[in-house]
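Reviewing the structure listed below.
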């Protein structure tokens, strides 16, 4: 099927998919926390828009609800909470040192290619117009993980995690027109609770190590040299 | 009938264990309930075993085990024989126990642990022997290992004991797993866990070899074959002595039972190469066992090493049996088998006798080292006499039982001429010479043990103050000593009873060892070799009597007692006696590469005059197998653990990257 | 085992044993005589060993107060074990009932029993020398025993019997056959016999020098009849080895039938063989000096090597051919 | 059906009640009561299933068959016995001042909440809900891990949360793919997450999508199972949380995660059967992960200084063994794995209970500090020693039976892997006992006093393990066999 043969709405979904992916890149490239949170909010909004668009295309009414939940949760509530926390913990200006930005972006591009390679056989299967978005969503998930691996701030890690969630949700919506409602609600509930718990943790971590740098959470390791085998001789 | 008695035996030993639970509260219970029950169990096992040895095989099933496989039990002649052995030693130990454990009554030791695990240990050994499927066998086997481990750890306030217990359990576990895998091979080809199915299995040569190798490894580890023996000299000495007697005397035999059962019965068709391997491993164990024993000063450690030697001898005979069977001489194969099993029985008797004697000595002197004993024969005349009989038996001197079985083994070896392979015809006599060397060194070893510990002058105050042990303890030793003598003097009678065993193992022929009546042992034919222990004893007695009467008939029976000759230097002190270390010095020098020796001489001299005031000699004898086998393995594990620990770096991002890369890798893998 | 009820045979066996036991000191006397002659000394009378024994039997026995009852029992055990050993060796006649009650391995076992008690007795008094002697004796014996058994195995594999009478029968029936294996076995057995009977160069029966004693160190505390028994047992042992070597390697002359003539011939034959052997021993003792203790293992290894060569040549050269 | 609802609702109610009531003195008792009631309900449910066969609720939302019914009972039972232990233990902690009453409230509410999510995960028929429940289990326990608010506990909780969160997100992606492939086959795509439906059409599912989905699910749920190299959260979370939590995490959560993996494996096996060139793909992956976990965890045991950490590595080791067994497939191995799951839950939770008492006796979790337990308090010392012997696979305890069967099964199909298993078992065994020995044996240090210990749960569990080791009850054997038929396609009986 040729791209030009898609309906306009379908083309819109594809465009939105590209934008979601771009938002992931943006997240990856941001060095400042606040900017990161903003990029994340944008991504949430894009996912919500894509959901609404799919609802329109497929005429699936329950997807509107999903879109609404997503918008509320991912684009508004969670970024707002994170923002509040950042302000409260006074780390607005904290600059993250990403190991090597250029290298990370290159790796990210490679990941997108890899996702495509992996998802290639999957795409043949779907009859939906939006089938090749599976690769995109897989890429978003993997990029989310990449963010978590490369960022040292607890908050950016959470943002990475939420971005993964975005990818998942996007996959569910565009490839299968959404999961059964009860599952969607369950997932949303879990996400909400997770956000609250994340918030609790930021304060606990801050309290215990006086920073949100996860690299400093390394008391529990096995690498320290033991005072070698405590020989049992009397 | 036999099966019923054996069931009673198992039940009684379990009951003894259960009663033992209460012994932490009512401490006397251990002496007056646990041991009597154990003794009854021993009697029942011995009687049942004897009945099974002479009767028909009997089988039954228990409502335990896997859902699709109830525990099946079966007693045939072989099982009966081992049960007889277990029963006799357990009975002796039960008679010995009450007196021996008196010293624990007021200590902090948990008597409940002693009672419970002794009962379980005995029950485990009995169950191993009657098991007729792999699953039950393994359960009983590991029960035996585990409960004896707890007994080894009984006096756990000593760090060395804990170490020994750890090593023991570890090696028992590894050996147990190897045996299990051996059964796994058999079960895979036999289509079931029952021994019945395994017997029927047709194994390809390779897999038969694998099964044999696993069984040899596993049972050899339990039996203490060099170099898998490291646990034995550590674990046996640290258990209470009556337990050491059970471990050395009986548990090792159970391992040999397992080996015989798997090799001769379940695998069935043996191969010559296996026999050669077993023969060589046995020779190595025998020789190294006695050489290591020679350098020990701890009496129980010495005895433990000597168990390695004797297990080696048993395996030599088994190896010969395998060689003969595999090369088409079933009669000689049976002969080797009988020799091995007879030696197993004899070793069970004299080794437990010696361990009980050592227990009595240690109880009276509170010393473990030979260097701190001396002159005990005068103070413990009964123990001393019985111990001497044990020493004579284990040194394989006629007319005691150790000689009878070793003689049979040598006779088996001498039949190597019938083999077609010239190499084997050379190898077998050479191993026979090794056996002779072992026996001669064994005699030296026990001269050293007995001479240093029981003869001469007491070397310490404790040795001087030793008293008679309790009646039960003496009676137990007396019983075993009597049996040693009986089996030595009337070997034909006992071997006649054992004749049914080869028949039970896949229908091997009965060797005509006793074909000339009860007076004679004629392993092959009357012309080839004969030995009449009763007549020999008669001759010995007559000669003694004759000369005793001749010399004492006159009026000078009396002897004059004076101090021994002191070379004019004043009174001899006990410290001038030859020490155990010195006694073994020539052997140490001759066989130097065998041990890792660390000899230190510390000279202390007077500051002013520079004159030598005292000399300290320290000798550290280490088993070479440690350096070659065990320490590298331990080091490897430690260093691997250190390297692996790098995985757990503590950094959450690293952890995330593991997850990330695992995912990527797997996705790449499948697409 | 029909021979067992043969009264004549038993009488003969008893007689032979008695002869064996009583002749042992004579052999030693002969040896001493030869040695003295070879060393240009005046020789003691041939019967001197008997006189010594009688003297000792008459003397009071003194026992160290540190010794245990084993000390007093040991001489009897040692002596009776040696006597029983002597009883099973064919001296004059092959077909005796005693010969089948014990084969050559049992014989070695009996010598071992005697040695065991000898060594224990050495340690019983609690002196320094006794332990030293026991330690050395047991060391030497433990090295000699495998060599001896290996040599014996070579013979028994040829004769296919470990019973001495059967083996000798077999050899007699074969007539004169030159076997390389027998040559090596003979050499091995000679070396072992020297070591086991405590002769030069392994031990010196006449020495009482502290550092060199082996056998003498063990019986240092004995006196009177106990010492006599010990000495007699040692003499008996020398004779046992002599007879073993003589009758196995040169069995000719021994009585196959128990007739008086045959027995007389047998007596003459064994006396001649033993006298000859003694000459060899005396010459070697005169020529050689005693070795250091730690050269003994090398010496015994040589014996073992001979025995092994005997075995190898038996398997390779004789069976295959 | 009512029993099932009761089984689920009682703990849910418990959660709400405990969360609502502040400062409750008898919260510990209520906790026990709710857990016990749940056990009762689950037993009734089990009897129903025994009588009527697999139970599929209206709307196909719940499905209880032989595979999960015994896990339900086991979960409720272990939760009850752990609750019995937890009451005095947490009172002691309260007395020590390590927790306050607000945190006690959180603890008890989350205990019940955790129980609820576990039971939900086990009983649901919907793979989506399974995911939700498993995520819920993480959420319920993560705050308990940081209950003590020490830097270590916060760190452990954070790692637990992040790693399990990421893992579970991967699992969700797998679930989405599963749904995707089902939706393309089904006429009513809404049913595409129901296990019963999926299992029916497994043969028609697209093999490629299914294998990709399985990779995501395996990595995702495998994180929760504690498979190396995804295991890193596990020792941290186990060692820093309150001990009753470690007991249920080790004894139950890992099981449920493995249960999820096996359920999906059954689907993937169905999809790949006959069409793919590697029909055993799922099995191979599980075997590789299992074996790796088993070996690595065994080595880790040697370097432990914290007793709870040590036993959590032992849990990884055992989960590895089970994963390996499930991966091996075949009736014998599957039976062994099912039995091993049960036995490991019982024994490991018993060990953690004992460890809880031991740490109270010594006042520390450091292995160096725990000494001479048998002398100080024989019941605790022997409990620990026997528990360790049981977990190391000594008969007559039940773990021996499963290890026996597994080794035999491996010998039959992959003989050379037994070498790895054998050395792994030996290494793990040595690692455990080298640390256990000085702790239980020897003389007690000065001033070490016995504590008030409730060893009932321990001995109950060990007795059960003993019973199963000697003879598996017929009912259970029947279930195991049915489950084996379900998973491996062929029973052993």
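As written, the chain order gives the labels A, B, C and D, with residue 1 at the start of each chain.
Everything below uses one rule, namely that contacts are C-beta pairs under 8 Å (C-beta built on N, C-alpha and C of every residue); 3 or more make two chains touch, one makes a residue touch a chain.
Owing to the predicted nature of the structure, the values given are computational and were not obtained by experimental measurement.
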**OP:** Determine the set of chains touching chain A that also touch chain C.
**Re:** B
**OP:** Give me the ID of the chain with the smallest distance between its Cα centroid and the all-protein Cα centroid.
**Re:** B
Original post:
Quick check: more C-beta contact pairs in A-B or B-D?
Top reply: B-D
**OP:** Take the average of all CA coordinates in chain C, do the same for chain D, and state the distance between these two points in whole angstrom.
**Re:** 77
**OP:** Calculate how many whole Å lie between the centre of chain A and the centre of chain B, each centre taken as the average of the chain's C-alpha atoms.
**Re:** 67
Original post:
In whole angstrom, how far does the Cα centroid of chain B sit from the Cα centroid of chain D?
Top reply: 43
Original post:
Can you give the whole-Å distance between the Cα centres of chain B and chain C?
Top reply: 35
Original post:
Of all the residues in chain B, which ones touch at least 2 other chains?
Top reply: 159, 162, 638, 645, 647-648, 652, 656, 659, 663, 667, 671
Subject >> Per-residue overlap in chain A, given as positions that touch at least 2 other chains >> reply: 118, 121, 145, 148, 157, 214, 217-220, 222, 229, 232
Original post:
Which residues belonging to chain C are in contact with no fewer than two other chains?
Top reply: none
Original post:
So which chains end up touching which?
Top reply: A-B, A-D, B-C, B-D
Original post:
Considering the complex alone, what residue numbers of chain D touch chain A?
Top reply: 126, 128-129, 131-132, 135-136, 139, 142-143, 146, 149-152, 154-159, 161-162, 165-166, 169-170, 172-173, 175-177, 179-181, 183-184, 189-190, 192-193, 206, 208-209, 212, 235-236, 239-240, 300, 303, 305, 368, 434, 437-438
**OP:** Provide the residue numbers of chain B that touch chain C in the complex, in ascending order.
**Re:** 374-375, 377-378, 381, 384, 388, 392, 395-398, 403, 407, 410-411, 414, 417, 422, 425-426, 429-430, 432-434, 436-437, 439-441, 443-444, 446-448, 450-452, 454-457, 516-517, 519-520, 526-532, 535-536, 539-541, 543-544, 547-548, 551, 556, 559-566, 572, 574, 576-579, 582-587, 589-590
Original post:
Where on chain A does chain B make contact in their complex?
Top reply: 114, 117-118, 120-121, 142, 145-146, 148-152, 157, 214-215, 217-223, 228-229, 232-234
**OP:** Provide the residue numbers of chain C that touch chain B in the complex, in ascending order.
**Re:** 1, 4, 57, 60-70, 72, 76-77, 79-81, 83-84, 87, 98, 100-103, 105-106, 108-110, 112-113, 115-116, 119-120, 122-128, 130-132, 134-136, 138-139, 141-150, 153-154, 156-157, 160-163, 166, 220-221, 224-225, 229, 293-294, 297, 304, 307-308, 311-312, 315-316, 319-320
**OP:** Sort out for me which residues of chain A touch chain D in the complex.
**Re:** 118-119, 121-122, 125-127, 134, 137-138, 141, 144-145, 148, 154, 157, 161, 164-165, 167-168, 171-172, 175-177, 179-180, 182-183, 186-187, 189-190, 193-194, 197-198, 200-201, 204-205, 207-209, 214, 217-220, 222, 226, 229-230, 232
